[in-house]
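Common to both upcoming complexes is subunit A, partnered first by subunit B, then by subunit C.
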Partner chain A sequence: MATVTTDRPGPAMRPPRRPGRRAGRGRSWPAVLMLSPTLIVLALVVLYPLVAAARESFYTSGETLDADGFVVEGERFAGLANYAGVLGERFLNAMFNTTLLTVVTVSIEVVLGFAMALVMNRAMRGRAFLRASILVPWAVPTAVSGLMWKWIFQADGVANAVLGTDILWTAEGVYAKFAVIIADTWKTAPFVGLLVLAGLQIIPGEVYEAARVDGASARQTFWRITLPLVRPALLVAVLFRLMDALRIFDLPYVLIGPRKHSVETLSGLIWDEATRVHYGPASAYGTVLFLYIALIAYVFVRLLGADLLSDVRTRKKEA
Partner chain B sequence: MRAALRNGGVIGIALYCLVPFYWMVVSSFRRTSDIYDKSPLPTPWSMESYAAVFDEGIGFGQSLVNSLIVAGVTTAATMLIGTMAAYALARLTFRGKNVILALVIAVSMFPGALLIVPLLKLFTSIGWINSYQAMIVPSMSFALPLTVWNLTSFFRQLPYELEQSAMIDGCTPLAAFRRIMLPLAAPGIFTTAILAFIATWNEFIIAVTMVNDQSRQTATVRIAQFTGAAKFDTPFGTQMAASVLVTVPLVILVLFCQRRIVAGLTAGALK
Partner chain C sequence: MKGKKLALGLALSVALGGMAACGSGTGTGTAGTAAPSASGGGRGPLTFASGKFEAEATQKIVDAWNAKHPDEKVTSTVLPESADEQRRKLIQNAQTKSDALDVILIDAVWTSEFAANRWADELPADTFDASGFLPPAIDTGKYRDKLYAMPLFTGTGLLYYRKDLVEKPPTTWAEMTAACDRVLPKQKGMSCYGGQFDKYEGLTVNFSEAINSAGGEFVDASGRPALTSEGAKAGAAFLADGFKSGMIPKEAITYKEEEGRNAFQEGKLLFYRNWAYMYESSNKTDGSSKVAGKFDVAPLPGRSGIGAGTLGGNNLAVSSFSKHKETARDFIAFVTSAEQEKAFALINSTPLARASLYDDPELVKKYPYLPALKEGILAAKPRPKAVKYGDVTAAIQESAYAVVSGAKPADQALTELQAALTPLLQ
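Let's look at the complex of A and B:
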């Protein structure tokens, strides 16, 4: 791991500036040749759906009767009709669920993951074992972890036995939300821990020595040294998790079930509309979800990620 | 005191990560009649659920084959074209490079739910529903950015001198890439391939949307749709056994290459 996380810009890594530049002009055809397959595939599987969904969201299809009572088939321009559902109870509920799950899970995961990273960073014995076990939740497919927790959360399952309760976790209601939050946290907090740990490990030991010499308390060391220095890694982890949590689909689908009011997310709603061939509304909701995610990513990077971006920029300059 | 606290933390993390998984494994070895037992170890151990998984009506074996085909082909195709793109982004100089890099990162955050609507419509009209390619092609939307991003940071770490001397000796850039860089990058490519494979193997929303024919379903979807003998009966023993079968190869793969995988995961974030 150390070989990857320590970024020593030794002479070997620096590209010789000048010759590289000059040669670049003459040999742009290999770049085009090497990049075009990737760009074509991404255009096909990402750009095309994005544009097609945006267009589709303004159209309606299927059979309807026109004013004279004739059957009209095919696609017709529908204006904002598909977006009307955005004001409906079902969409607002899905929006609320998505936002709630995202805020709660990401908050818990950051705190838990950070704590895990601090423990792992100090751990002397059992490091290899720890790293192995922390990868297990990450490697379990989300759908499988949904089934696993569904089993644990059975009415007469082990969770109720241990807690001494008779909660119906996987039925509708507030406990369904708890169940999804717990299952999601289990799967992804270790991943956050892993990324934060990588950030902790590139902090040079001298910084801590200097702090100790200056008589800093453990609390001061954490707030003034550890947290600021690990910030870039932490921000990346949070951004990754935010983007993932906002599009959550398989966990509520498997754990609680499709079309369940208490845990239906935006992705779940879109999936449901799409599979019922309501392409227009599904595309409208999809477009809203896309804008929502893009907005949050933008705000996040704007408010918190100034150093994140500058980091990318300096790296690009180096490259 | 501090050491005790530290060890306590280590044990706590291990328990947090492993206990739910342990319960899944243990449950899969219980008899159907004592599936609701809460004892920490099954008494007696039974392979009943595993036998039930491979009952003909369930089609689990076929779904494993389907998962292998989809994840395998996606990984291979992704590595083939992603490696070239990553090399170009890491090593060559050309206009618009930063835009492409930013685009690749942005694409990796694309919501799969938006993707399924137009692709479902498109695949319906060209008759791709219930085909492998209907799962393979959309899966590249997340496997490809992951590959390009990871390998770009990997290629950047390799020394420049090697290719330069190769080019001085008369290699074209493409030949330098093929003969010098590819062999050097083999470990990085291997790691990235594992990450892409796991990501595709775990994929759910595309597979559940594009395929409704049971014989083409991937394992993750198939397990979630197992039904028991009675209509409202969830066959938990069978589901747990199937889940263990789907997960254990991944866990072994991950444990086997854990150093590399951690490096690959964090490289995506920190490089």
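Let's look at the complex of A and C:
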């Protein structure tokens, strides 16, 4: 028992497929038992809503009226009818917007956040103040920052006054996309900065000293030392931001408004369907969004996340 | 293997448990709806869900009731401020068949949805006397000719105009543009006309007003959409041309009530369409309004003579899941009585649904816009009645936004709207 647990911490939490673990499993029953309350809670709060939503996506209700004008009660099995909208213009537009906003904002945020982290990592006067002020946008609730940016982007707002333009940022059009990208970047680049900073601070100073002794240029130091060593932290930051950006809802909703095609995201579409009491299509779109996010996370971890799992792999090899 | 089985078993039992719960939920649900509407009775304390704007006046009325009915005390809970949030909260309450709310305040356009889904009870004709109310307001509480909600607030769009620049309010669109042509060359930075044209319920209201004021109508006598008529086209063209020519400033496409009110108070608009609530706030002399004392109100202008505003308002209904429906009906009758409505009006400027209040000298002195508003309400047209009003207004906003933003020619947008509304308004 003791040897098993020191070899592989937390055996019950692992996917039980690995052949090397078969020997220990019989003896891990007490651990499974002790973990079962956790598993039940997880199943209730994670699995049940997913299963319920997936089930709901195959049913319709409240669609027909009887002779007296009352809505016929009860649910009716609808097969794949709720998924028909997935091929519609509105869904594809929302899918495109979600993907575009994700790719653009995450790319900008990684570059900006990295720069912020490098600045924050410098030893200089007023560093604490600088760090705190960079983190302020992250601390503001999204709905509040949405309102703030709405005020900046309104027709007679600060943005137009500063730029000397009279752009209608909050009306339909490409400027609405810009407005959302700017506001989102402002808010979440500090988050990336914070995680990258944590990664930067665990790089030992001796590595840089050695590089300096060997005569490495600043650029070489960055590409050969800083970037590879900070990569695990950076990947975690990017993964978090990807997940977050794919389900973005409140910022476009508050800043531009619901049902505006230029910035309608999948979450926005789902919200709109649900508020119009179309729970079937809302669940169908929700299920698709869930699968989309799961797919992206999987691909991301497979392609780029080697470092995230390298720790696990080395341990597996040792075993 | 065992671990895998365990996980699978867990997942299955949770899934099955969920299904079973859903199944029994719907089962009792159907039985539950039949029961309360059949019994219909019950006396006891109530919970009243009201809006936030009128909280002070509402509390006064509730206190008056509580003083007289110590055994059937009413507690008022305040719903979220935005209409969308309120609706979501009320629907949530109804779908969980909760008896947490007894008397609910619903928007005039939700009546059909709440009646058809059996979320609100029919009101027996003998307990409520409709004769003292403005007829268009009473009509908003009806679904298929049966009364489901009693009107409390009502209102329609008013034309706010600068009386320091225009002597006489215009009654037609032509008069309005003529006045603008006369005044604007001397007023720097001022535009002619504004309304609410952002993509939300306000756009539905403004679009309906343009069409009704041009002699068109949204739905014909048989309840079918009638958007391909000559009048409808003229109404849509008024807005499209207004934006094109600059008569309506292009930033009006981002206006909701408040953005436009700010523009009017900054002196950027000669004419502005808004609800009655703005009268008080724009007349404040604390420096927030540059036009205090310089404006007045009139009914909206139309294509040939006074236009037709869109009817707004809120009605009181009894929740189908209330346990004390008899008391709930009495409470609604109490709140909508002539005496209480006047008490309400003296505290809060939200216009009420009883006709006599509009001629009451005390109130007219306090709210000088009442005569213009009465004229407006009597000429006002309701928005389409539909069980799926949410879908109807979304379709209208879609087409109307295309018209005002110039994305589509008015004719094409109207034809598309006609096609979109036909299945929804059957």
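Definition applied: the second predicted complex is superposed on the first by the 254 of 319 C-alpha atoms of A that agree within 3 Å, B and C clash if a C-alpha of one lies under 4 Å from a C-alpha of the other, contacts with A are read in each partner's own complex, and residues count from 1 in each chain.
By our rule, contacts are C-beta pairs under 8 Å (C-beta built on N, C-alpha and C of every residue); 3 or more make two chains touch, one makes a residue touch a chain.
Not measured: the values here are computed from a predicted model.
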item: First, second, both or neither for A:156, with subunit B first and subunit C second; value: both
item: Subunit B versus subunit C as contact partner of A:79, first or second or both or neither; value: neither
item: First (subunit B), second (subunit C), both or neither touched by A:240; value: first
item: Touching partner for A:194 - first (subunit B), second (subunit C), both, neither; value: first
item: First, second, both or neither for A:228, with subunit B first and subunit C second; value: neither
item: Which superposed partner A:204 touches (first subunit B, second subunit C, both, neither); value: neither
item: Subunit B versus subunit C as contact partner of A:52, first or second or both or neither; value: both
item: Which superposed partner A:44 touches (first subunit B, second subunit C, both, neither); value: both
item: First, second, both or neither for A:31, with subunit B first and subunit C second; value: first
item: Common ground on subunit A, meaning residues reached by subunit C in one complex and by subunit B in the other; value: 12, 16, 28, 32, 39, 44, 48, 52, 154, 156, 275
item: Residues of subunit A that touch subunit C when the two form their complex; value: 12, 16-17, 25-26, 28-29, 32, 39-40, 43-44, 47-48, 51-52, 55, 62, 65, 68-71, 73-75, 154-156, 166, 168, 170-172, 257-260, 272, 275-277
item: Residues of subunit C touching subunit A in the complex; value: 1-4, 6-7, 10-11, 14-15, 18-19, 22, 26, 29-30, 33, 84, 87-88, 91, 115-118, 143-144, 198-200, 250-251, 253-254, 259, 387-388, 390-391, 394, 397-398, 401, 405, 407
item: Residues of subunit A touching subunit B in the complex; value: 1, 3-5, 7, 12-13, 15-16, 20-21, 23-24, 27-28, 30-35, 37-39, 41-42, 44-46, 48-50, 52-53, 56, 115-116, 119-120, 122-126, 128-152, 154, 156-158, 161, 186, 189-191, 193-195, 198-199, 202, 232-233, 236-237, 240, 243, 246-247, 249-250, 253-254, 266-267, 270-271, 274-275, 279, 282-283, 286-287, 289-290, 293, 297, 315-316, 319
item: List of subunit B residues in touch with subunit A within their complex; value: 6-7, 9-10, 12-14, 16-18, 20-21, 23-24, 27, 36, 38, 80-82, 84-85, 87-90, 92-95, 97-98, 100-101, 103-104, 107, 109-122, 137-138, 140-141, 144-145, 148, 156-157, 159-161, 172-174, 177, 198, 201-202, 204-205, 208-209, 220-221, 223-224, 234, 236, 239-240, 243, 246-247, 250-251, 253-255, 258-259, 261-263, 265-267, 269-271
